[in-house]
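Next come two complexes, and both contain chain A; in the first it sits with chain B, in the second with chain C.
Moving on, here comes the complex of A and B:
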C-alpha cells in the first residue's frame, strides 16, 4: 500500500444564508490521495467538486467556511495554516492547473517570464539554472522550439498551447500534488486528446500525484487510476476507474453513464429524470432519493453511509447497491429509428461564402473585392424536410457562421440560400418577410444568455406568439400552457423567472420559444453543450420527440461528435469553413473516409478506460484557411504533396453515400486507414 | 416533470412588494437610512412648509434688519429684515420641483437615445455620439446662461433646459449599459424573430438597463440641484423675492463676517439635501446590485 500524500477527514464546508441558516456545500468528505496516483473527481455542476479541489490546496472561497473536519497534507492541516505558511506549500508542494489557461496567464507578460517567475518563487535555482529549466519545462510539455516559444505572449499561442504552458508553470516548483480543475474542458476534441496524453505521461515520468476534477467521464477514463463520484456535496462512490465505469454500483453513477451518448451505441442515450438538489434543500434521507429507480422507503428517511466493499475495492453510499451489481453492465439503448428521408428539399445552400472582412470606403467605391479568402467558402448543402442535419467541426470551422447566415443574421458574400424550393432568402434580416422569419427559428447554446433575465416564462413565450399570430388574452395564455406541456413542464412555470429554473428547465423554455412560432426549420447552436450530462440526454430526447411529433427539420451544430451521432440523420464535417465530408451519419461514423473526419472521430474520448483515442494528426491550430489547395493540408496525415497544396480537391461520392473532398481516392483512403 | 420541488417556490412578487423590498434593503444600512431620512424630511418640509411658516417670506421690515437668532426669529433676519427661518424652509421648494422634473426629462431623453444608439450602432450611433460629445465639451453653465438670458428664467424654460444639459451624460451611461446586454443571445433571438427596434428596446433592453439608468438619474438629480442653485446664486435662477437657497446665499454672502446666520441656514439646507440624495442614490444602487465604484459614470 502506498503512503497517503493527502488525507481529508470528515470535511464539511458551507456558508450562511441571508436568513442565518447554515448551508453545507461539502458534507462529511473523507478520502485520501496516495502517492503517485491520479484521482478523478467527477460530478455535475453544483456537486461541490471544485470546492473540494480548492480545499485540497487550503483555499476556501470568500464567503465559505469550514464547519468541521480537516484537510491534511503530509499530516499538516492546510485549513488551519495562515497565508504565509500556505505560500510555502502552494506552488512548491501542491500546484494547480486552472480550467481556462487563456485567462490564467497574464496577457502582457511573455511565456518565458511567467515560467521564470514561477521558478523564482518556488525553487532555489540560480538565474542561469532557471534559464535552462525554462527550456526543459517547455520541452517536457512538448511545445515546439522552446527558445522561441519563451519569447511569445499568451495571445500568440493556441488554446492547447496555453494549457501546456499552464502545465509547465505548475510543474516548475516540482510539486508532489497537482490539482487540475477541468483542464481540457474548453479545448477542441483533438487538442484535448493530446493534452490528456501529455498529462498521463507526466504523471508516469515524475510520479506526481494528480487530482483531476472534471464533469467529463471520457477524460477521466483516460487519465485516472481512481475515481471519486460526487453528488450534492457528498461522495457517493469511490473506487478504481475500471470498476466505477464498468460496474457502477451506485444508481447515480449508473444513470450518469447511461445518459452519456457514445460512439459505440446507436440512438439516443437514456435520460435521467429530475435534477440535483440545491444546497440547503436536501431532504432527510438519501440525497439521490428523488431521482433514484432503485429506492425504497428506507432511503427516504435514512442517510446511507459510505460502505466499503472489499472485493471491489470500492466505497459506495447506497443501501441497495447489491441490486445494481446483479444488473448486467450491458447497456441497452432506445432504438433511434433512422427512417428513410424522402427527398423533399426544404433548404438549399448553394455555393455559399461568408466573409467577416469589412470593405473599406475606397474599396467599396472602386467596387474592389478585398477578401479573396472568406471565412466560409463553397458550402453546398441540401436539407430535406424532416431530417436532422448536423454540422460538426472544431472551433473556427465556421459551423455557427453558416447557421447565422441561414437565420439572416449574417450576410452571405456569394451564393444563395433557398427556402422551400423557390423562395430565395435574403441575407438581410430586414428584407425577409414575417412568414420566412417565422419558418426558421433558433435555439442557442446557453439558456442563461438566450432568455431575458427580467422576463417571466410567460413573457418569454408570449413574444413569438404575439409577434407571429397576434394572440392576446386567454388565447395567448392557453397557447403558452400548451407549449409548456409540449416541453414537459407544467403551466405553473409561467410566473417564474429564468433564475428560478435549473439549467435543463431553462433550455426547455428556449426550445418551447422556438416551437412557439410553429417553424419548419429549427437551427440548434450547440444546444446541449452548456448542460450537464444527465440533463443533456433529456433535452436531446425532447428534441427527438418533438421532431417526430411535428416533422420539424433540424440543423444541428455541435462540436460533440457523440451527441451528433445520437441525434442526426446526416452529418456535414467542416474544417476551416470548407466542407470536407457529407453523408448519412451512420456511414460517416462507421467508415469515416476523409482524413479530417478520421482524425476527429479518432480523438473522441469514450467513458471506457479500455477504448483509447487514436491520435493521428498533430494538434496544430491554424489561424485561417489556406488561400489555395485543400483546406486540411496543414494537418493532414495523408497529404500527397503539391497537388494538395495547389489544387482544390474534387468531390468524390463513395458507394455508401458519403461525399468527400479529397485528392486521394475513397478506396485508397480505406486501404490506408486499415493499415494503421 | 422536472424538479417540481424547486426551492424557489415563492410566488412572484407584485411590483409594489418589489419596491418595498428595495426600500427596506436601502434602509438596512446606516448610510442608506440616513440618506433616505434626510431626503424624506426635505420632501415633507417642501410640501408642508407653506402651512406652518411663521412669517410672510416677502414681508420687508427695515427695523428688523440683520437681527441675530432669537426666540422670536430662530435663524435671525436678513438685510431686508425678512425672517431667515421662514425663507429657509420655503427655499427648497422651487429647487426641488424644478430639478425633479428636470431629472425626469433628462432620464427620458438621455436614456432612450442612449439605448437606441447602443442598439442600432454603426453610422447613426457614430454621428449621434459625436454630437453628444460636442455638447459635453461646452461648459454647461455658459450654455445655461445663454439660454436663460435669451428665454428668461421661467420654470417652463428652466426645466427643459436643465433636463437637456443633464441628459447628455445619461446618454453615455445608457448606451454603455445597452452594450452590456446587446451581445446576449436573447437580443439576437429577438432580432432573428423579426421584432421591430422599438419592440426590442421596450421589451428586451429596457428591463435590463432600467436599474442602471434610474441610479444614474438619481445621481444627476443631486448634481442638477447644485447646478440650479449655482444659477440662482449668479442671479439667473428664480427671481426675487421668491425664497431660494442659492439666491439667499448670494444675497447674504457679503455680510457673512457679521451676519453669519443669514448664510449658514440656506447652506445647511442645500448641502444636506444634496448629501441626502447622494446617499440615497448610492444605497439604491447597492440595493439593486449595481456597483458604482466599478461602473463609473462617464
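Moving on, here comes the complex of A and C:
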C-alpha cells in the first residue's frame, strides 16, 4: 500500500447564518490522498467540492470557518498553520490549478512574470536559470513560441492557452500534490481533451499526486484512479474509478450516470427528480432521501454511515446499496422516437452572411463594402415545422451569431431569412411587427442574466402575456398558473424571486417565458450548459415534452455533441461560420462524416475509463476564417493539399442523406474513416 | 489607443461647446438683458443705449455668440458689468486662490484616501476598518456648510487657533493666504477623503475576492508582495475615474465652503456675480468650471488608458 500524502480527518466547515445559527457546508469528511495517485471529486454544484479542495491547501474562504477536524499534509495540520508557514507549503509542496484560468491570472502582470514569481518563491534558481526554466515549462505544457508567450498579458491568450499557463505556473514549484478545480470546464471539447491528455502525461512523468475536482464524469473517467462522490457536503461514495462509473452502488451516483446523454445511445437520458438540499436545510435522515428511488422508511429518520465494502474497495453511504449491486448499470433509454418530419418549411435561411466588422466612417461615406471575409458566410438551412435542428461547433463557430440574426438582433450582410414560406424577416428588430416577434422566441444560456432579479416569477411571466395577448386580471393569473404547470412547477412559485430558485428552476422559468408567447419557433442558446447533468436531463426532457405537446420548432445551439444527439432531429455542423455538414442527427454521428465532425466526435469524453478520446487535430485557435478554400484547412487532419487551400469544397450528399462539404469524395472518406 | 484618446478629446470639446451654448442661451432667454439687469432702474434713455452699444447688444444673437465664442477661444471673456473691468482681471486672482484651495485639498485628500481605503479593505470588519469607516460615513453625511461652520465654531471661536473668516484682499500673495486656508481645506478634504476612501475600499475588497488573488495566495506569494503587485494595480485602476468624478464634484463643495469662510475664490465669485446679475461673468464662470470638469475627466481617461494593459495591443507595446 502506498503512503498517504494527505489525510483528511472528520473535517467539517461551515458559516454563521444571519440568525447566528451555525450551518455546515462540509460534514465529517474523512479521506486520504495517496502518493502518485489522481483522485477525482465529483458532485453537483454546491456540494462542497471546491471548499474541500481549498481546505486541502489550508485555505478557507472569507466568511467560512472550520468547525472540527483536520487536514494533514504529511502529518502537519494545514488548518492550524499561520500564514507564514502556509506560504512555505503553497506553491512549493501543494499547488493549485484554478477553474477559470482567465480569471485566475492577474490581469496587469505578464505571464512570464507570473511564472517567474512562482519560480523565485519556490526555487533558488538564478535569474538566467529562471528564464530558461520559464521556456522549459511553457514548452512542457505545449505552448508555441515560449519566448513570445512570456511577454504577453493574460488577456492576449485564448482560453486553452491560459489554462496551460496556469498548469505551467503550478508546475514551477515542483509540487508533490496538485489540486485542480474544474480545470477544463468552459473550454471547447477539443481543447478540453488536449488539456486532459497533458495532465495525464504530467502525472505519469512527474509522479505528482493530483486531486481533480469536476462535475463532469467524462473528464473524471479519463484522468482519475479513484473517485470521491459528494452530495450536500458529504462523501456518499468513494472507490476506484472503474467501480464507481461501471457499478455505482449509491443511488445518487447511479442516477447521475443515467442522466448523462451518450453518443452511443439514442434518445433522451433519464432525469433525476428534485434538487440538492441547501446547506442548513438538510433533513434528519439521509440527505438524498427526497430524490431517491430506493429509499424506505429507515432512510427518512436515520443517517447512513460511510461503510467500507472490502470486496469492491469502495466506501458507500447508503442503507440499501446491496439492492444496487444487482442492477446492471446498462442504460435503458427512453428512446423518444424521432418521428418523420414532414416537409413543411417554417424558416428558410438563404445565402446568409453576417459581419461584425464595423465599417469605418469614411468607407461608409463612400459606400464601400470592406468585409470580404465575414464572420458567418453562405449559410443555407431550411427548417421544417415541428423539427429540432441543432447547430454545433466550437466557440467562435458562429452558432450564436446565426441565432441572433434569426431573432433580429443582428443584421444580415447578404442573403435573407424567410419565415413561414413567404414572410421576409427584417434584419432590424424595430421593423418587425408584433406578430413576427411573438412567433420567434429566445432562451438564453444563463438564466441568471436573462431573468430580471427584481421581478417575481409572476411579473416575469406576465410580461409576454400582456404584451402579445393583452391579458389582465384573473385571466392573466390563470394563464401564468397554466404555464407554470407546463414547466412542472407549482403555482406557489409565482411570488418567488429568481434568487429564490435553483439553477434548474430558473431555466424552467425562462422556458415558460418563451412559451408564454405561444411561439412557432424557439431559439435555444446553450440552454443547458450552465446546468448540472441531472438538471440538464430534466430540462431536456421538459423541452421534448413541450414540443410533442405543442408542435414547436426548436433551433438548438450547443457545443455538447451528446446533448445535441439526444434532443435534435437534424444537426448542422459549423466551423468558423461556415457550414461543414448537415443531416439527420443519427447519421451525422456515423461515418462518413466531414473531417471536422470527425474531430469533434473524437474529442467527446464518455463517462467510461475504457473509452479514450481520439485526438486527431491540434487545438489551435484560429483568429478568422481563411479567405479562400475550405474553412477547415488550418486544422484538417485529412487535408489534400492546394485544392483545399484554393477552392471552396463542393457539397456532396451521402447515401444516408447527409450533406458534407469536402473535396474528398464520400466513398473515399468512408474508407479512410473506417480504418481508424 | 491613439484613436481612443482622440475620440475622448473631441467628445470633451463637444461637451464644452454645448455648455457654452446653454449658458449663452440661458442668459439670452432670461427677461431683459445684461444692460437692463445691470442698470436696473436707470435702464432707459441714453444710459441704456450707451450700454447696449458698448456691449454690442444691438447685433443679432447668433453673431454675438460667434464673436463671444471666438474671443473666449483666445482667452478673452470681455468686460464685467459691475467692476467695469476686464473679466480676465477679475478672474485671474480668483482662479489662483481657488486653485490653491482645491490643490491643497487634493494633495492632502488623495493620498490620505488611498491609505485609509487600503487599510480599511485589508483589515475588513476588524477594528481599524470599523473605526475609520464609521468616521468616514459620519463626515460624508454632514453637509459642508455645517462642518465648515462647526470648524469655525470650535477651532476659531472656542480655541482661537486660526482665523475663522478669511478677510484678505482678493489679490493676496500665496504666503499671506496660507494660514487662512487651513480650515477651508480641512472642510473640503474631510468630505472628499471620506468619499474616495470608501470607493478605494470597495474596489480593493472586490479585487481581494477575485479568483486571481485567491490564486496568488495559493501560489504562496507573501502577503505584502501580493498586496502591492497583484491587488493594488488592479484595484486602483478603476478607482481613477471615481476619484476624478469626486474631484469634479468637489467643485460644488468649494462654492459652499468659500462662501462660509468668505474666501476670495471662484466659488464666492459665482455667488457674487449671480446676485449682482453680472451676466458676462456668470457666462465666463460657466465655461471655466465646465472646462475644469472636462479636463479632469480627460486626464483620468488618459491615465486609465495608459495603465490598463488590456487596452494596449501587442503592436503598440513593441
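Quick note on the criterion: the second predicted complex is superposed on the first by the 673 of 676 C-alpha atoms of A that agree within 3 Å, B and C clash if a C-alpha of one lies under 4 Å from a C-alpha of the other, contacts with A are read in each partner's own complex, and residues count from 1 in each chain.
Keep in mind that, in the parts below, contacts are C-beta pairs under 8 Å (C-beta built on N, C-alpha and C of every residue); 3 or more make two chains touch, one makes a residue touch a chain.
Bear in mind the structure is a predicted one, so any value in this text is a computation, not a measurement.
When the two structures are aligned on the shared chain, A:117 is found in touch with chain C, with no touch to chain B.
Of the two partner chains placed around the shared chain by superposition, neither chain B nor chain C is touched by A:625. Looking at the superposed arrangement, the partner reaching more residues of chain A, out of chain B and chain C, is B. When the two structures are aligned on the shared chain, A:108 is found in touch with chain C, with no touch to chain B.
When the shared chain is aligned, chain C comes close enough to touch A:155, but chain B does not. Shared-chain residue A:278: touches chain B; no touch with chain C.
In the superposed model, A:595 makes contact with neither chain B nor chain C. By the touch criterion stated above, A:90 is placed in contact with chain C alone, chain B being left untouched. Of the two partner chains, chain C is the only one that A:100 touches; chain B does not reach it.
Applying the stated contact rule after C-alpha superposition, one finds that A:186 touches neither chain B nor chain C.
The contact sets of chain A with chain B and with chain C never meet. Only residues 1-8, 11-12, 184-186, 188-195, 199, 203-204, 207-208 of chain B touch chain A when the two sit together in their complex. Those residues of chain A that touch chain B in the complex are listed here as 273-275, 278, 280-281, 290, 407-409, 429, 432, 434, 437-438, 441-442, 444-446, 449-456, 459, 463-464, 467-468, 488-490, 495-497, 499-502, 504-505, 508, 513, 517, 538.
Those residues of chain C that touch chain A in the shared complex are 209-223, 229-230, 233-234, 237, 309-310, 314. Residue ranges of chain A in contact with chain C, taken from their complex: 54, 57, 59, 62, 83, 86-92, 95-96, 98-100, 103-109, 117-118, 121-122, 152-153, 155-156, 166, 169, 173.
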